[in-house]
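The data blocks that follow each hold one structure.
Two complexes, one shared chain (chain A), two partners (chain B, chain C).
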Partner chain A sequence: MIQNNFPRNGLIWLLVSLICVYLPLQAQLPLWTALVFISVVAWRWMMHLGRWPYPNKLVKVLVVVLGVGAVLVSAQGQFHLESATSFILVASLLKVLEIKTQRDGYIVIFLSFFLLSISFLYAQGILITLYSLFAVWVLMSALVGLHQNQYSEQSTPVRIKTAGKTSFQILLLSLPLMLILFILFPRMGPLWSLNLQSDKAKTGLSEQMSPGDIAELSNSDELVFRVAFKDKVPANHQLYWRALVLEKHQITNGQSQWSVSKKVPPIDWYPKSWQPEPKDGVLDYTIIQEATSKKWLVGLRGVAAMEKGIGMTDTDLIVSNKKLHQRKEYEVRSWPSMDIAKQGIHSLTRQQNTQLSLSPQGTISNPQSYLLAQTLYRNHNTDLARVEAVMAYFSDQPFSYTLKPQRMAENDIDDFLFNQQAGFCAHYSSSMVFVLRSMGIPARVVAGYQGGELNKESGHITVRQYDAHAWVEVWLAGIGWKSFDPTAQVAPDRINLGLRDSLTDQAEFLSNSGLSLTKLSSFPLFNQLRLQLDELNYFWHQTVLNFNKQRQGNLLKKWLGNDFLSTSLYWLAGLFCTVFLLLTLFLLWQRPNKKRSPIEKALSVLDKKMHRYQLQRQANEGLADYSQRLQLAFPEHKDSIRRLLQQLQEHYYSKQKAQTLREKESKISIQIKGLAGKLKLKDQ
Partner chain B sequence: MSSLSSKSISKSLQSLLDTLNTVILGKETQIKLAVTCMLAKGHLLIEDLPGMGKTTLSHALARALGLSYNRIQFTSDILPADILGVSIFEKDSAIAGSNEQHGTFRFHPGPIFSQLVLADEINRATPKAQSALLEAMEEGQVTIEGETRSLPTPFFVIATQNPVSQSGTFPLPESQLDRFLMRISIGYPDAKSELELFNGVDRRAMANNLPKHIDINQLQALQEQVNQVHASQSVLEYMQRIIHFTRFEGGYSYGLSPRGGLGLLRAAKAWALIHDREHLIPEDIQAVLPSVLDHRLAEAAQQGKTNPSVYVLQRIPVFS
Partner chain C sequence: MEKLLTRLAKYGLTKRFNAWLDRRIPPAAQVTLAQRSIFIVPSKAGWMFGLLLVLLLITAINYQNSLIYGLVFWLFSLGLSAMIFSYRNLSGLTIKAGNAVNGFAGKYINVPFRLSAAKRDHFSLTLSWQTVDKNLDQGADSEVLVNQETQVAMPLQLQTRGYLKTPRLKIQTHYPFGLYTCWTWVTLKTPGIVYPKAIKTPFIASEGGGSDLQTEANLIIGNDEFIGLRSYQAGDSLKHIAWKYLAKGKGLLTKEYDNQQLSMQWLDWQSLQGKSEESRLSHLTGWVLQAEQENRAYGLKLPGLTIAPSHGDSHRQQCLEALALYKGGVAL
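Coming up: the complex of A and B.
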């Protein structure tokens, strides 16, 4: 068909839009894609200037093979979001090298729109949204530039300006429609959910804790969840966000490891689960938790599930029935001062919480610590006194808090307790539980987050990965499960102020996170800015990102006052979609599908044959010219070519009655096919 | 009107073309286009530099077709009366039927009263004088002093203009360019033709002495024959696609008018007739399109696209 050339003036907008689309993605992708991107843009620009040629077939094949190879190598045989993104990015970048016609331009722009929406898979904050709006404007301008009249007398700068202006107007006009669709369009749950984060890239609490894991988290200022308390916000040292209970002890390579026990705990699902009555000391709060691709949710001590899809375990935790592939907002109620299992615990639970692994040699691991436990056991009469003695041991001995401790030797708890005496929460909680279990006192490591940053303006608390913490829970007869935090003995600031404030001066905090606003929080101006941005993002998450089916229903009910209207909206949308689908199918069905006559078929056989010799009939070429050309190319068949194409021409254009021709039609077509078979260029 | 057999048509047309080719050397296509224009009953505009054989070509055409011939040299001070003619008071003349010598106004027909008029350097005249000629071209008659006088039939105008805009020229507006069915330019001869020209006799004299090949009756029969050329649906659709493209898709500020479209069809049919064919093929349209389309769209085309026909033909497929 007729193809318009790619307008030269459209290229500038196109390249700018490529850059806009590419930038947010680069943060998520391996560095070599930057190399691909820069070379493609440079190459395309040189092509625009006419200095470099279009890539030929060989180069194209080579580049594609290299690109696919690079994607495969960096994916390391695994299929995850990054590899898929880099694949589509490289593919669409290579398409840029091929832009010749207007249609190629469309393809690149539509791919860019797709790439832009891909970057939403990684981040959905308000800044990236505003940025995307800007990128959409640039993309629309590129689209307008693609349609600008190639023959108008406007100079290039004027055209560029016009394109930008036009697309801005288009965006402005579509803004109200966007808002209406956002509010009214039925919110459907995702058809499928995909684990977007590859496990290696995602930092977060894992179900297995070996010393060093939490220190790694302290390098990340990634958002974990936000909390808004209904009433007063408790003090920082009361905020122990429980996420996982690590009961199982293992020894790997001489290092102690604590993990979630494999047995599936009995879960009470809401609304069958226990709920405390609202009274003094009971806290109501809302949590917006970022995607973790795990089922665990966070809550303070004495937690209770408050909505459907959330259940409670017997270890005082709440869990979701689905993995959190998306951000989740949920209501929680906690009674931190309640007694848990005061009456006693099941013998199996007791067994689980006093279990200690033997060393691979079959002997008791960490003998020194075991000995310490024996001594402490003998010196005190009650379990409570023994626990307090362990706590006192941490405060009496010269322990210090550091995020970068030396690697522990074999029997790591011995090494930590008696030699190095420097570590962080994971070490303290691990060794304390070890000592307590050695005395036969049920104890467990609790992993979660501690504290968080209170935004005084909005009153919400932001908890980031560096707030990750581990502490200890001990079961004491007559008291129940009680929390102890050995880290608080060593570094009280860590608990009272939070990691950020207690370690701001230390180089080890956030040492790998590059430029981060959190790092700059010692400057008042930046801190103010950071807090305001955080508040804005909280508002954004609460109102826009969590605008789900339920909220939409509530809003519509509030506006329209009637449930019927909102349901009828759904019906209307469904009807619209159905009609649209049917119409599309109908139009596709109706597409002109002309039946070809034998002569046309024969002609296409000839055309195909000639295509091999680069002699194919041009779309704008008449049969007479075609015949002339073929006669020149195949002098030995000159007469038959002339005769047959003459007949063809008469078939199409002469006045003779169609009937007489129909008899000849099959004859001519057979002859043409025969001719097509005979024609051969001598030197090929 | 004598009906001509197809054989005699081709024979007389071929000998006409051959003769013209001996006068203007190496310009077969241009001569064919000029004859096409005459067969399609259209007026011809020749745009070229001085001395390229414009006058010789028109003179030779007039002789070979047996038409009466007049040449009007347009200048900036030419008046409509110089073209159309004027009534002059003659003291000695008598009113018809009476013997008294009163003296009356008698109409002296201008040079336009001839079957083939060569309007030389038409863009040198003022718009007033130009329009006098162009009106005559359209109506086939002139009205002078309230009296309408028919022009002879057939009536052809061959106008010439210089492409280089020189001082003191009045370029023809689009509406008047539209009156010319075709515009051609002759161009320099190739080396062989030029050498032959140097060695040969004076071309102007040769044109003056050309024998008559076709008489007026035959010419009119040929013109009638043009209408008989068959145009199949397929080729008409091709032509319509071209016209549609000039109007809505090609990026021209205006496209080919219906009159232009009809002219294109007639010219293509005449071209088919010259090639001894009873039906129209796409190549006929492609052959005449540059001379029919380009001068009509010259103003509509933006800079860089002054050859609309080339642009259009590249883009329109022969088969939809």
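Coming up: the complex of A and C.
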């Protein structure tokens, strides 16, 4: 076959497309890939300019060993998505380095498509989607560039433009079919369980909290989940999104730490779990939660699992049966005013929720706080009054709310309560639980999110990492578990308005996050833009990204009536067959349109006549040979046959205008027909 | 697939395959490509692309990722549209046979073609013969822009004497994405005559016909006697031009030799008895060339055909044609 060399103008497209594919992935991959990427692209470009030589075999082997080695080292012996991605990236980069033939170009482009799809696993917002449309266009243009003639008359810029135009046309033309396929293609569950993503720590709530952790989260405006309420949206101060219950108290390096107890709590999986009837005060809502690599889900107080794969714990939480490596959408029902454990709690639970760790010296930690607890205990008669006294302590003392608390000294709760008196929600909840447990009242820290931003247009609430919050739940005899938020005593705005609006010092907000849209929200124009983008993204998530089997079914039902889903595959096949059948029919119908020229018709008349004498034209016979044969057979017409041949040849082989062509054609065809009439074998 | 067809064309079913092709794309002086004359199959890269789509689809299903689903569907429909665009890159292309070319069997000549397009540009076309010639570069790259005529000359080794019969011309394209191989096989009737292969041997004096000219065989120009100068006439050999006089500015003059009257020669079929027909024709061809080079007058005697002695380009042409078309040429 023809050896196809690599067209030089394709290289520009190819390098640009590599850059396009790499950019969105860069944040996910180790830093060294950026170095490899830049050096390879620069090297290849210098090779293209002819300044640097092609790498020889030794260099190639060295580069491959280095590249694969780097991938292996950074994977640390584990196979996960990041390492696989780095490997594919390095492979395609090395291919670029030694790219010579068209085939190498295919490999790089096809690998790039794969890398592009991997980047969809990390980010799927509307902006990244628009960007990817552009990237696909560049990749397809690179593919066209591979097939452009190297010795073309067109200049390189013109060819680059042609490639871009052609791929754009085809991409546009392919859009309708893509949409049909997207809607009709039957969705199914995963073929096998894939867990290629590394459990690398994502920002977000962890199952262990030491005061100060949540302050870290407040620096991130990353999306955590979105909520859409079926009916009325509750007020901001009612939105306590519970994610984790931290019961276990530990002291490390003199700092109190609260974590999820290691014991696996009994889980009631749907549909075995409790399902409240829809009645007054019951809230139905849908949550679209971003990937966390954890199992916890979020819900308001009095939560109930409403679909398969979700269960409830005895701590009033809902959990997923799989880690959330993907965005998850789920329905939740809550009854916030429900009584929880009103009748009493198990002695084991009581023990867990009154447990306090001793200091490493074996003495009671935070003695001052312990003393405070004893005082409060003696001064009040009921547990409820004691809890309220702790709450009152926070409002009476000069406590302040800050995102940048000082590091606490050893016996951190003492330091916080009596010395610094400035902290974040985690400090307040941590110290409150400590004091309550010191009195023997069952109490626990709840970690989750509070509030969220309401988008007035679409009515959905967006919750970001900086909405992370911690508060307290106390068990009171005859009442059950009851929530208290000590932070509200100190900074009521934090609960009523949200973090962003509650901070008087705007510089403190998202101070470590660099430039972000949320940060620019103090400019009205930007804020509006940000909210609109958020709405668009919500719409995008709901309609496109979460287009699953159920949604597909609903949509098709709405459009085409029941039972459509089960037959959508047939519909799809039928649609294809119809289109192709119509296309074939169209082509067949077009065929008779191919007119025979008058000369051809006249020749077939002659041929029919000659058939009588077994002198018809053979399949492989040219006109010249045919006339020779006829001249031999009819010597008396030799001259006229030869003249006709001459005319025919002149007609076929010379350039003529269409007008004269048609005139000549009819003239010659008349002559041919005349000849056909004259030719007769004498003996017949 | 395309290779399979090529292989079919090469071996086994050659005859029937060619007959089928002839019916489908009849030989003509000019062909405008349409759906009957265009073949299209997925290329190797096309299958690779299909594999990529399957991999992406599995990724989409396993990760339940709508965007990857979208990408797969987009690329899939793009693959289908590419078929139409690939077809369009050939459809509407007009290929015309070029002007007449003559040559000797066994020699290479350039067969000219003219490509033109009425509707759209046709990019990245590769032209090659259906039969592969190992001595040649296997294809010529070309492109045809709309309303422009592109000339392509395809080198071809001439096989048998007679009217020129060119093999099928294969025009192939992978444009735009390389996912499909789209090609056509057209037979274009380029006018032309293939002369027999020339064999150079000394003249053998004709024995037949009782010619009184036979004694003049083997005369050589060097021995001829110089008579004088006359003014140049069209058709005079360049060898006989008096260059020195021309240099002196006395115009074009031709040196006249005595032998021109004497060196008449019959190149006779009968004188080559004992040789095969084709070999006789080859010898006679060689003699025609030699006689012409030596500027003799020569006549040609073939069974049933006699060409009176003369010389000059048109006479040479007439003799060579008679030799080429003896008994209608060699059937392929």
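Quick notes on this structure:
Throughout what follows, the second predicted complex is superposed on the first by the 519 of 684 C-alpha atoms of A that agree within 3 Å, B and C clash if a C-alpha of one lies under 4 Å from a C-alpha of the other, contacts with A are read in each partner's own complex, and residues count from 1 in each chain.
Keep this in mind: contacts are C-beta pairs under 8 Å (C-beta built on N, C-alpha and C of every residue); 3 or more make two chains touch, one makes a residue touch a chain.
Remember, it's a predicted structure, so these values are computed and weren't measured experimentally.
Within the superposed three-chain model, A:433 lies out of touch with both chain B and chain C [touch as defined at top].
In the superposition on chain A, contact of A:21 is made with neither chain B nor chain C. In the superposition on chain A, contact of A:625 is made with both chain B and chain C. In the superposition on chain A, the chain among chain B and chain C reaching more residues of chain A is C.
Contacts of A:650 after superposition: chain B is touched, whereas chain C is not reached. Of the two partner chains placed around the shared chain by superposition, neither chain B nor chain C is touched by A:488. Chain A residues 1-2, 149-153, 619-620, 622-625, 649, 652-653 lie at the interface with chain B in one structure and with chain C in the other. Interface residues of chain B, counted against chain A in their complex, comprise 230-232, 234-235, 251, 278-283, 286, 301-305, 313-319. Of all the residues in chain A, the ones that touch chain B in their complex are 1-2, 149-153, 619-625, 649-650, 652-655. In the complex of the two chains, the chain C residues touching chain A come out as 19, 22-23, 27, 29-30, 34-36, 45, 48-49, 52, 55-56, 58-71, 73-78, 80-82, 85, 97, 99-100, 123-124, 126, 128, 138-139, 141-143, 145, 163, 165, 174-178, 189, 191, 325, 328-329, 332. Taken together, the chain A residues at the contact with chain C in this complex read 1-2, 102-103, 106, 110, 113-114, 116-118, 120-121, 124, 129, 132, 136, 140, 143-144, 146-153, 162, 166-167, 170-171, 173-178, 181-182, 185, 188-192, 194, 325-326, 544-548, 587, 590-591, 594, 619-620, 622-625, 628-629, 649, 652-653.
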